[in-house]
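Given below, in the form of structure tokens, are the structures.
Okay, so chain A shows up in both of these, paired with chain B first and chain C after.
What follows is the complex of A and B.
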């Protein structure tokens, strides 16, 4: 309950901060809309040249795109900015002030700022999913919607865990400007259905990012479930790897903090 | 000239301090290329034609690889943001009291950064291109290589002066980060980074998009390399690129002049 109250406070303070620069805030929202426009142009261009992509037809792919956009929206709204700023806190030594607070360090450092400007992505993604599902004639049965949301939450937790591991590396790399690029890599892997990794030469990617660092599952498995394309092995793998990576990322985060050397503050 | 040479040397040393971060980011930049290859294989696999918008599968993949080279020259990470921050925080005043020209200082620093970046990423890029050599059906002729390197140099100049102009908007607005996001997003798409501009043929805007300065930052060098620019148009397109480079150079001088006239620095 205490953490929920704190989260609400973080959200309120972040919103106040964003609204102090209203034009800036609106421009940031415009960027998200532009990105969606670019993705949709890309999607329309592809489907104007081809009838399907690795077994995904136009509206199934639109649903997938919506699921991806929603998941990315969640990550960017709640964590990405905090994670990117972590290495700067290490470099400047300002991390000391956060470690002294009587609160869980992982919660404080990864939730302290909410990026409201990326929140519309969540709703835009939900809109795309609705359009895709309606065009496919899929009904929104409560059971199907509930389990889809559970799986999407798992995908979101998995993405958060990857981001936390990358963030923790900032303790050693000090200037971790690569973090955004590595995250870009992960979003690249999540952005397309995992069925595109079928060619035999892509087997190492399918194994590494489908089993050991299962970024390929985060969006594909929830979308496949909702569209009736999933098998239980994907769902089982997503469930097990989510639990494992939540544990691993938390352990690694505290391990990295133990190796943090304050910068004279 | 000597002082700008020293500035360049310093910037080169600075760039190489954080080698771990730099190497990691270079290597990881290749991995999305693999997903692009797989996606386009899937698209061509389901398409009824061998060529889409005049591009074969091999040419699309070669194009996406060549766009990386174009962006090595034309992308200017941090230039506008850092310049706007210097203006906002007042640290830009050091250029007003020292015998230094701001634009030339930034240009020499950026050239050094590019030399460091290109020389250190040459080996991983060479490996990538060797691994993907089978996607290249043709290579430029002798003169074609000359045109290609000129187009890369133009990409650098257009990219540099364009970003410089955006950063100097900081003389009038305190916060330009979001404006930069908008410009970067538009540039990413309009430069042909995501998809060859020819694929947008259904919009009827392809020729206009090719004439914009953005196309010189990614599309034009790659299309030139692949022989997608008709021979009779090459010189005209290069001249247009030179025009854009001169235009943004002139614009940056005007903005700097006007910006400094109304600039006030406070504090120590």
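What follows is the complex of A and C.
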């Protein structure tokens, strides 16, 4: 409850900060809309040549894209900036002040700033999903919507855990450009349905990122479930790996902080 | 029970030597030479409630590292510490609520927002009761005379004003211990003295314990009843400021104004160290003062005499110099 109130305060403060730079705020929103437009044109082009790609037709794909946008929108709005800034806090030593505060370090460091300018992305995603679902003639039964949201939340938690592990590495690496490139790789893995990695030459990717570091599941499994394409193995794998990675990333985060403490001057 | 108690508190850092040049950079990729540096060496410190202790030492002496160990930000290599009854590096939430660390070189307020917004967030983070919060802000801003600055974005404040806001922010949760790392660095005399006044009054009214580092002797003379000096990681003095003067400030500065210009060797056996027109200056040890006065007594061309203690900066820097020990570097080790 206290943490929820804090989250509201973080959101309030961030919005105030952001609004004091209005042009920057509007520009960022504009870029997001343009970026989505480019993606849509690209998919339109592909689906004008073929009615189905790896078992996904155009509107199913639109729904998938919406789910991806929603998930990424949440990650970028709540965490990405904080994670990017983490290594800067390590470098400047300002991390000290955060460690002194009497609240959970993981919560404070990953939620402290809300990036409002990427929030519209969440709504763009929700919009795409609605259009896709309506065109497919899927009815929004509460049961299906509820479990879809649960699975999407798992996918989101999984993405957050990956990001947290990458962020924690910042304690040792101090410069984190390469980390953010790894994160970019992850977002690209999440961006397409996992079935495109079906061919035998894609086996290494399918195994590594579908089972061990299961980035491929984050958006695919929830979207497959909603569209009635899912099998239970995917849902089980997503549930297990989400639990595991939430635990692992938290452990690793605190491990990195202990290292910071014994190494900082 | 003491507020701070340490035993043999020690911190070694491992630093990697960087070889110069491109070739060196490549060699560093595979074979880094690690070196251990002893930053803090067996510090035994005990501070009681309500004390204001000055923590002095030249740059790199280990002051900041010690403060960071006491606040739980750095794990010690050896030794124990108890701060407010807690082991700092275990960092329990209750401990974090009970003290504050302010560093003059860093700021923790939101740069683009007015200080009042940062205060509001701190209220949420520390879970401070609303009524209590309002009265604390009121008390602190009155004491600092800075209420009108609350609504101004922090980046628009002057350095002195910002420091007042930093201190206010640090005291919102009414800590029992305040650790200050060079709180007056870069401030002008007026701003410094207003911070002194504030700390003095706050210490008097709240019995807060303060441990502060500073390079300004003005801070120390004004605030600190007790001084701890460390040099190259070792504690070399713990006592009053007067005690240092007695140990190392044995000399007095004597200035004599004559009716007309005289030669520097006017007194037998005592060469003047400085000549400024008709005024001559000598550095004389306490024991020599009677002899000096008797020489002067017979002269009728003396207009004025002053006998002063040397400035405390001089005394302290003598103290540092007398304690300089070779940098405590342990034998280099090769790390693969």
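Heads up, the rule we're going with is that the second predicted complex is superposed on the first by the 260 of 265 C-alpha atoms of A that agree within 3 Å, B and C clash if a C-alpha of one lies under 4 Å from a C-alpha of the other, contacts with A are read in each partner's own complex, and residues count from 1 in each chain.
We take it that a residue touches a chain if its C-beta (ideal position, glycine included) is under 8 Å from a C-beta of that chain, and two chains touch if they have at least 3 such contacts.
Here the structure is a predicted model, which is why all the values come from computation and not from measurement.
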Touched partner set for A:54, first chain B, second chain C, both or neither: first
Chain A: partner with more touched residues, chain B or chain C: B
Partner chain in contact with A:100 - chain B first, chain C second, else both or neither: second
Chain B versus chain C as contact partner of A:15, first or second or both or neither: neither
Partner chain in contact with A:181 - chain B first, chain C second, else both or neither: first
Which superposed partner A:45 touches (first chain B, second chain C, both, neither): first
Partner chain in contact with A:31 - chain B first, chain C second, else both or neither: first
Contact residues of chain A, present in both the chain B and the chain C interface: 21
Chain A partner contacts - residues on chain B that touch it in the complex: 18, 20-21, 24-25, 28-29, 31-32, 34-35, 38-39, 41-47, 49, 52-53, 175, 177-179, 181-182, 185-186, 188-189, 194-195, 199-200, 202
Complex interface listing, chain A residues touching chain B: 21, 23-25, 27-28, 30-31, 34-35, 38, 41-42, 45-46, 48-54, 173-178, 181-182, 184-185, 188-189, 191-192, 195-197, 199, 202, 205
Residues on chain C engaged by chain A in the complex (per definition of touch): 13-14, 39, 64-65, 68, 71-75, 89, 91, 93-94, 96-97, 100-101, 103, 106, 108, 110, 112-113, 117, 120-121, 124-127, 153
Chain C-facing residues of chain A, complex: 2, 5-6, 9-10, 13, 16-17, 20-21, 92-94, 96-97, 99-103, 108, 258, 261-265
